[in-house]
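If you scroll down you'll find the structure; I have some questions about it.
Chain naming follows the written order as A, B and C, and within any one chain the residues start at number 1.
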């Protein structure tokens, strides 16, 4: 029992650290480093599905090209372990400064993740960004209505 | 010693996860789910004291009625365990979008908590929200002076 | 192995709690309390280097004098343990309200830390603040260009 509990705490910590490494690489303007946090056949859902580290790095690079600085702050991480697989939900607030215009973009969202344990450690099998709110005008063509899907499972009362 | 340390880490993690579950239910517009994170006779202090899960759910529902989206981001959790009871302080930043007007409200505050261990796990015995700052106009009648009590124990120098 | 893992988790938690205690003391307008989180000969880098708890408290006091409220929210903590020493990177978003003018200042940055284990616990050997972004006018003479050094190791692509 005690060993199982310790293993659970360690797995959750490794998954948390994977998410921080991903963010550190994104904010370092290193899309290849961020894509390296995915499994080889992992899927990144960034307003469209991108499969594999090459496609994910390319997509992230296109997004990052618009910004001279980004800062992604993760919180509220909930992990559900199932052996060598896991699912997770976390919150993100992100600060962005746009290239040239020096305008700021602020977004609030969720990361909905599926993870898989590889010999080298935990990796993203699927990572989806869902937006809850936004302040500032995004320089790309992403449309407001399409992205503000809100909190997962938000109820109508 | 080693077992005590592991038990401490596990208790702190369970309390952290209780707080994330509470937030997830609030942001899912599910006041009953959030109130279920309290002990049966728990007290929620949301600008006034509300005792028991029914009264807490009703109060949370009234607050949530004003918003089409909320996003509560917890950080800086400090827990003090005392057997089957605990106290905690955590930081919250919360994003809100108002119903209809689509205006944004941003608040910064503290959660001051008392917790109790039940057979099903840790629950809130008492949870109080204290505001430190606010941007945007709140649609309800809550008054500025009454709520911006600031950081707990803030010193005058 | 199991004991080592538990010790690692406990060390990381102690370092995390040190950071939260530091923040709690800053936001309580208690510069001496915050400085007490440093080793006796620790160095605080707040736009200039300050060595020792007395110099650090004085510097923090000068900074805090400008604000009637502050709220520092830490996230994304990554710790690298090396026996009785450690290095760490964490993210901070900070809300400030200025004295008198009641204007708000928002900053996004990084804490880059070196830590050392003392008989009483982990302490900061060196703590440096690096700014990534800012909204609102800072009331002091700190200059924009000098401080917005950005994310550590940010790449040019």
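Some points to look at:
Convention: contacts are C-beta pairs under 8 Å (C-beta built on N, C-alpha and C of every residue); 3 or more make two chains touch, one makes a residue touch a chain.
These numbers were taken from a predicted model, which means no experiment stands behind them.
Taken chain by chain, the contacts link every pair, so each chain touches all the others. Looking at which positions face the partner, chain A and chain C present mostly different ones, since fewer than half of the interface numbers are shared. A straight line joining the Cα centres of chain A and chain C is 25 Å long. Contact of a single residue of chain C with at least two other chains is seen at positions 6, 9, 73, 75, 93. Within the complex formed with chain B, the chain A residues making contact are 2, 5-6, 9, 12, 73, 75-78, 89, 91, 93, 108, 132-133, 135, 148, 150-157.
Per the touch definition, chain A reaches chain C in the complex via residues 3, 6, 9-10, 13, 17, 20-21, 23-24, 27-31, 61, 64-65, 69-75, 93, 95, 97, 104.
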